[in-house]
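There are two complexes below, and they share chain A, which is joined by chain B in the first and by chain C in the second.
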Partner chain A sequence: MITYPFQYKRADSVADAVAMLGEGGKALSGGHSLIPSMKLRLNAPDTLVDVGRIAELKTITVDGNDLVIGAGATHGQIASSSVVKQHVPMFAEGAAHIGDPSVRNRGTIGGSLAHADPSADWPAMVLAADATIVVQGANGSRSIAASDFFTGLFSTALEDDELITAIRVSSQADAKMTYQKFAQPASRYALVGCAVVKSADGSVRVAFSGVSDTPFRDSAAESQLNGGASSANAASGQSIMSDHFATEEYRRHLANVYLKRALAAVA
Partner chain B sequence: MSNKFIGQSIKRVEDKRFITGKGRYTDDIKLPGMLHAHFVRSPYAHARVVSIDTAEALAIPGVVAVYTGDDVAAINGVPCGWQVNFRNGETMREPKHPMLIATGDTAKHAGDPVAVVIAETKEIAIDAAEAVLVEWDELPAIASPADALKDGAPLVHSQFPDNKAFDWSFGNPVEEVDAAIEASAHVTTLEFVNQRVVPNAMEPRAYIGHYDAVADKYTLYTSTQNPHLIRLLMCAFVLGIPEHRVRVVGPDVGGGFGSKIYHYTEEALVTWASKQLELPVKWTSDRSEAFLLDAHGRDHVTKAEMGFDADGNIMGLRIKTIANMGAYLSTFAPAVPTYLHGTLLQGLYTTPKINIDMTCVFTHTVAVDAYRGAGRPEATYLLERIIELAAHEMGKDPAQLRFQNFIPPFDGVTQPGYQTQVALQYDSGNYAPVLQKGLDLLGYDDFRQAQKQAANSNKLLGVGFSTYVEACGIAPSAVVGALGARAGLYESAQVRVQPTGKVSVFTGSHSHGQGHETTFVQVVADKLGIAMEDVELVHGDSDTVAFGMGTYGSRSLAVGGSAIMKSIDKVLEKGAKIAAHKLECAEGDLEYGEGKWTVKGTDKSIGFGDVALTAYVPHVYPAGLEPGLDFSSFYDPANFTYPFGCHIAVVEVDKETGKVDLKRMIAVDDVGNIINPMIVEGQIHGGLAQGIGQALFEGTIYDENAQLTNGSYMDYVMPRADDLPMFETANQITPCPHNPLGVKGAGEAGAIGSTPAVVNAVLDALWSGGHNDVKDILMPLTSERVWRAMNN
Partner chain C sequence: MQINLTVNGKARASEVEDRTLLVYYLREQLGLTGAHVACDTSSCGACTVHVDGVAVKSCTLLAAQADGCQVTTIEGLASGNDLHPLQQGFKECHGLQCGFCTPGMIMTAADLLNTNPHPSETEIRVALEGNICRCTGYHNIVKAIQWAAEHQAVPA
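This part shows the complex of A and B:
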C-alpha cells in the first residue's frame, strides 16, 4: 500500500497546470481514484500535478442559459448547490449518492469524468443531460459533447496534456429528470445507474452507467420512447458487463427495472 | 461485597485513548535502528519455485538482507495446537508449514512467502521485493473443499493422496441415528454451504522482533489475542529459543475476531531476523495481505437430515460435512469443525439421536481457523435453518415447533445440568422465555397480518427465527487435553495490593477491543470495596503477567475473571488475619465491606489501605505470617459456560430486483450475569453486524485457479451502518452455576445467532410470495441470488 516514488507539483492556475501536463505530469484532483490505484502500484505517474487548489476550477456559475460547473467542484459541493438544484436538479440528486461524505468532500466531477470508470455515476448523468466537457490544452480550449467523450473502458477523448476545466450544460429547469442507481454493495458505485431527462416537450434522453464497459446514451430506448411508447427495452444492442455482483442476464434485467423506475419518476 | 460498579454501564476507560487517536498499537512503536520487512509472495495458488535470484534486490541501497527458504531451513514449521485423529485412529496429517518456501518446493496458496526483504524503510523493502526474481512453475490448484475430495483433484501435499487432513464422526452410533430417521414420519433434508469469510480486523497484523544482544533477550511486539501462547509456540516449537529469554508484548490490539489467536510465520521470522541482524525488524500487513493471509473462517459444505414424528417431535439428526482447512493446519483449526461444532449439534432441542460425519480437507487456500463463534455459528446455522425449513414443510409455525422441542428449564443448582447426545453437559438453561420475549418484541400476530398484506405489493415481508445455545470459556484442561488440545485452557491472575492500598491486577486475558480495562476493574473495585481509580489492569506483556491463555471463545470474564476472583479471595483472607491482629479480635469476628474490616456489631474497623500498609511494614503483625499482600491464582473451570438466546430478523425483499432490506433485528440474549450492560450490548451489536454480514454481504470468491478475486473493500462487502437497522436488544439472566461471577460470555453470541435468522427471514418472505419450493439460497444472499430463487 505504498506508491512508487513520484514528484509532486502544485499548479496555481489553469495555464500553469496545462504547462505541467505538457511536461508529462498527471493531474491530481480529489485523489480518490488516482491515489488508491497508485497505492496498489497499478498506476505509476512520475509527476503529479495537483490541480486541487486552482480557484477558477471550483466555481459553479450560470452563464447565459448554461450552468457551468468547474471541473474541481466536489461531489458534495454540487449536491448542495442551489444553482445546480435550480437548473439541473438531477446532478445534485446523483452527486448526493456518490460514495460517502468523505468521498463527496474530496472527489471532483472533473476527476470522475477523466477517470471514466464505467460504473461511476457522473457519466450517465452528463450523457442524459447532454452536457459538454470543456477542456484546455497547449493549443487552447475545446468543447467535447458528453456523447463523444467516453470512448471505452477507462478511456476518454481527452488528450494526455489536456485538462478538463468545466462541465457546461444548458439549464433544464423546466425538464423532469432523475438519476436512479442500484449500488454495488461494496464499492457503492453503480451496478446499474440510469439517468433520464424528460424535456418540457416530452422528449426523453436516457443514459446508463455500470451496464456496459462504456457509459452510453441508450438511443434504442430513446427512439422507442420518443416514438410514443410508454416503456422501452433498456440497453438493447449493448454488450453488458458481468461480474460476481451481477451476471449479464441480471444486469440487463436491472437496467430494465431501473429504466422503468426512472421513467415513473419523471412521468 | 458492594455492588457499586457491577451491573453499571460504566463508560470504557480505555476509550479515552482510543477515540482521541492515542491508542498504542504495534505499528505505532518505533525503535531505534528499526528495519522493515516485506515478503515476496507466491502470485499463484500452487506453484513450484524453480529458482530465486536475490542479487538485484540486495544491490538496492538501503536493503540490509534478503532471506530465502534456504536461509531458514533450520527453523521448524509453525505448529498446530490441536490434534484430531482419523476415525480409524490414524494420526491427523500435519504438513510442515515452513517460514519460506524453498527452491524446489511448492507454494500452496496465493501469498505463500518465498523470500523476505529487510531494509531501512518499508518503501525500500517493497521496491526491493519487486526486484527479487522468482521463476515459478505454475501447477493446477483447487479452492473448493468438496472438489478437493474428487478423484484426480490437484493435491495440496503430494504425500497425502486424497487431500484429507482427517475424518471424524461423533455423537450416537450412526446405525441408531439411521434407524431414528428411518422411523420418522417426516424427514427434512437440507444441503447448504456455510461460506468462507475474511476476519477483517480493523488493525492489520503487525510484528516487531527485537533481539538485544547485550541482554541476550528477545522482545516480540505483536498484535495478538494471546501473548503467552505465542511465546510458547514460537519458542518451544518454532525457533527453539529458551522461553525465559523471550518477552512477548501485545500492546493495544485493534480487533482480531479469532484471526490474531494464531502463531503466524511472519511473527517468528521477524524475531529470528532481529537476531541475525541485531536490530529490531518490523512487519506490518497491508490490507491486501490481510485479505490474503489472515486465517479465514467457516467454509463448510453440509448435508443435514432431521427426522420428526407425526406430532413434530424431533427424532434424529444426521449430518455429513466437509470442512476446508486451507493449505496448512492453523493453530486451532482441527478443533473448530469438530469439538467446537459437532458438540453443539444438540442445540436447545431434545433430539434423542445425533450423528455427524466430518471430513476435513486441504485446499490451495490460506488456512481456515476460528472466526468469531468458531464452529458454534456453523452448528447454529445448520440447526436453525433445518428446523425452520422443517416447519415450512410440515405446515407448522416455526416458533411453535421450537417451543415444542425445547429442552425444559434447568438451573444447574437444584436441577442437574443437561446431558447432550454430543458429549457436552449444559450448565443452566431456560430457553422458552427468550423466544417468547423475542415474539413479544416482534409483535408476532401483527407481523403475520402485515406479511399477508405485503404479499400483494412490490415488497415481500419475511420473519426469521434463530434460537441458539453456545459454549464459551472452553475448559476444563483435562477434558480438552483428552480431546486433542495441546495446551491447557485455564487462566492466570495476580492481584498485587500495593503498600498504599492501590491495586494492580495482572491478567492473562488480553483485550483486543472487549473493554477489560473497565469490566475487570469494575469487578475488582466492587469486591474490594475501593474506587475504580485505585485499580489498574495490566495485561499483554509476558514479562509482567505470569502466564495467560488469552482472549477468545468468549472466555475472558468467565475464566480470566474467575482467576481474579480467586486471588481476591486470597487477598481478603490474608487481610483478615492482619486486620484481626490489629483490631485484637478473632478473624471470625470480622466482616469485610465498604473497603474495611469491621468487628461485627461494633464501630471498630480498619481500612483496606491500612491493612495493606501493615502487610508491607509489618511492625505490628501476626506471628508467622509472611509480609506482603500479593497473590497469584490459576483457574481451570469445571465446564464450559452455555449462553443462549433468540434472534429474530425481519426483512423486506424487492420482488423485481431481489434486493433484501433488513428492517428489524431483535436479539434476546442470556449471557449469565452482566457486569457492564453497555459493553455487553456493544459486543452483541458487533456480533450481530458480523452475523448479518455473513448472511447478506460477505464471502470469499475464488476463481478456477484458486485466486481470491474479491480481496479488497471495493469487492468484499462489509456490512455498513446504513445496511443495518437499529438493533432491538434485550437480556434474560440465568447465572452460570459453576463460576464465582455467574457469568457466561457475550463476545460471540451476536455472530452465532443472527446469520440463520436473516436467511430464514428471506426464505419466509419468498414462501409468503408463493415460492414454496425454495429450500436454500447460497450465502451471501446477494440480490441476484434472491432474484434467481424467485425466478427459477
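This part shows the complex of A and C:
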C-alpha cells in the first residue's frame, strides 16, 4: 500500500517544527499511527514535518518535583527509564504493554496523545496521573491539563499549528498506581484500560481508555471510592463504545472487572 | 528526495519519492528482498529490519526517516559463509516451515538478544508478540532462539 504523495520535511528544533506546522504541515513523530492511516488513505496531508530527530523532545528529566517526559520519548524508552520507574511507575508499567517491541521502538507518547485514539493506553494513564500536556505554538507555550485535553474521538484541544513538547507530571513516588488493560488480542490496543492512582492520603483517581469514544476521568467512581466505598461502578453515566470487538454490555462488564483489578493492585 | 544511508555496511546514496516506504526502497531499489511484505498494516513483523540497531517494521517507516541511519536487513546478518547464530538456530531446530516470516522473526530475535542475551522462554514469546507465523511454528521458533542464545559468541 502506498500513501498519497506528500512533501517530507525534517525539523531540527522545536522552533523549526512550529514554523513548518504554521505553514500547514502535519507532524510526524514515530509514524506508527499516522503512516498506517496514510497507507489506508484515511489521511492525506500535503506536507509531513518529521519531528523525530529533535533531541530536545526526547529527554526524560526531573524538574523540581515534576517528571518531564519529552513528547518524542518512545514507549520503549519510557518503559525502561529508571526515573520514570521511580517517580511515576505506572507510566513504565503501561508503556511496556503498548503494542509489540517494534511499535515501542518507534511510537512516542506525544504522538499517541495527539492522535487520541480512544483505545490508546496513554490517555487513561495521563488522566489518572493528573498530568499536564505542554505545547508550543506560534504564540508561545501553553500547558493543558490532561482532563481538558481529550475532546472527542481522535480529537484534542491541540491547535493545528501546535506541537506537544512535553508531558509534565508531579512525582508520585509515595502513591500507589497501576494501569491494567484487557488487550485486544491482535493489536494489543486497550479494549478496556483502567488507570488508578491512590495518593498517600488514600484518595483515588480513576481513568479509562477504550471504554468511551473519549478517554475520561471516572468522577462517579472516584466520588464513591473517596466517600469511603470499597468498590464502585465503573463508567456510570458514560456513553460506552460498541464495535465488532466488543459490545457495549461486554465493555461495561470489562470496565468493572478492570476497575476491581486495579483497585486490588493499589490496595 | 536524496537519502544517504548505510545498508548492511554499504554506503548508499539514493533518490526516492518522499512517500517511499523503507521496505519498498530495500526490496525494489536495492534488490534486498529478504524483508517481506505480508500484512502491510504494521501487524505481522515480516518486514522487520534494524535501523540504528533496533528492530522496526519497515512497512511503517519512510525511507526518508532512515536517511543518515545504519540499516541492517536479514541479508546483512551472516558474516561471509558463516551463518549468524540465529540463522544457524533456525536451521538446527526446524524454526521455519514456509520461511516467509523467518527474516522478520530473526531480526526481532536479534534485537532481543542484543539487549537480553539470555532471555527466558516467556521473554522470547513476549518479544515475538509483533511477529506472526502463518505456519504457526512458534514452538520451534522459540527453540531456535534459545539455541542461538546458547551458541552465540557473547561479548564479555
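Rule of thumb we're sticking to: the second predicted complex is superposed on the first by the 267 of 267 C-alpha atoms of A that agree within 3 Å, B and C clash if a C-alpha of one lies under 4 Å from a C-alpha of the other, contacts with A are read in each partner's own complex, and residues count from 1 in each chain.
The working rule: contacts are C-beta pairs under 8 Å (C-beta built on N, C-alpha and C of every residue); 3 or more make two chains touch, one makes a residue touch a chain.
The model shown is predicted, which means the values in this text are computed figures rather than measured ones.
Enquirer: Between chain B (first) and chain C (second), which does A:32 come into contact with in this model arrangement: first, second, both, or neither?
Expert: The answer is second: A:32 touches chain C but not chain B.
Enquirer: Examine A:2 and indicate which partner it touches, taking first as chain B and second as chain C; both and neither are also allowed.
Expert: After superposition on chain A, A:2 lies in contact with both partners, chain B and chain C.
Enquirer: With the two complexes superposed on chain A, say which partner A:186 touches: chain B (first), chain C (second), both, or neither.
Expert: After superposition on chain A, A:186 lies in contact with both partners, chain B and chain C.
Enquirer: Answer with first, second, both or neither: which of chain B and chain C does A:257 touch in the superposed model?
Expert: first
Enquirer: Considering only the touch criterion stated at the top, classify A:266 as touching first (chain B), second (chain C), both, or neither.
Expert: neither
Enquirer: Please work out whether A:247 is in contact with chain B alone, chain C alone, both, or neither, and reply first, second, both or neither.
Expert: First partner only.
Enquirer: Now for A:103: first (chain B), second (chain C), both, or neither, which partner does it touch?
Expert: After superposing on A, A:103 lies in contact with chain C but is clear of chain B.
Enquirer: Does chain A have more residues touched by chain B or by chain C?
Expert: C
Enquirer: For A:83, select first, second, both or neither according to whether it touches chain B, chain C, the two together, or no partner.
Expert: neither
Enquirer: By the touch definition above, which chain A residues appear in both interfaces, chain B in one complex and chain C in the other?
Expert: 1-2, 4-5, 40, 186-187
Enquirer: Can you list the residues on chain B that touch chain A in the complex?
Expert: Residues 122-123, 126-127, 286-288, 656-657, 659, 697, 701, 709-710, 713-718, 723, 782-784, 787-788 of chain B touch chain A in their complex.
Enquirer: Can you name the residues of chain A that touch chain B in the complex?
Expert: The contact residues of chain A facing chain B are 1-2, 4-5, 40, 182, 185-187, 244-247, 250, 253-254, 257.
Enquirer: Which stretch or stretches of chain C touch chain A in the complex?
Expert: Touch residues, chain C against chain A: 1, 17-19, 21, 24, 40-43, 45, 48, 54-57, 60-62, 64-65, 67, 108, 111-112, 127, 129-131.
Enquirer: Could you please specify the touching residues of chain A with respect to chain C in the complex?
Expert: Answer in residue numbers: 1-8, 10, 28, 31-32, 35-36, 39-40, 48, 50, 52, 99-103, 105-106, 186-188.
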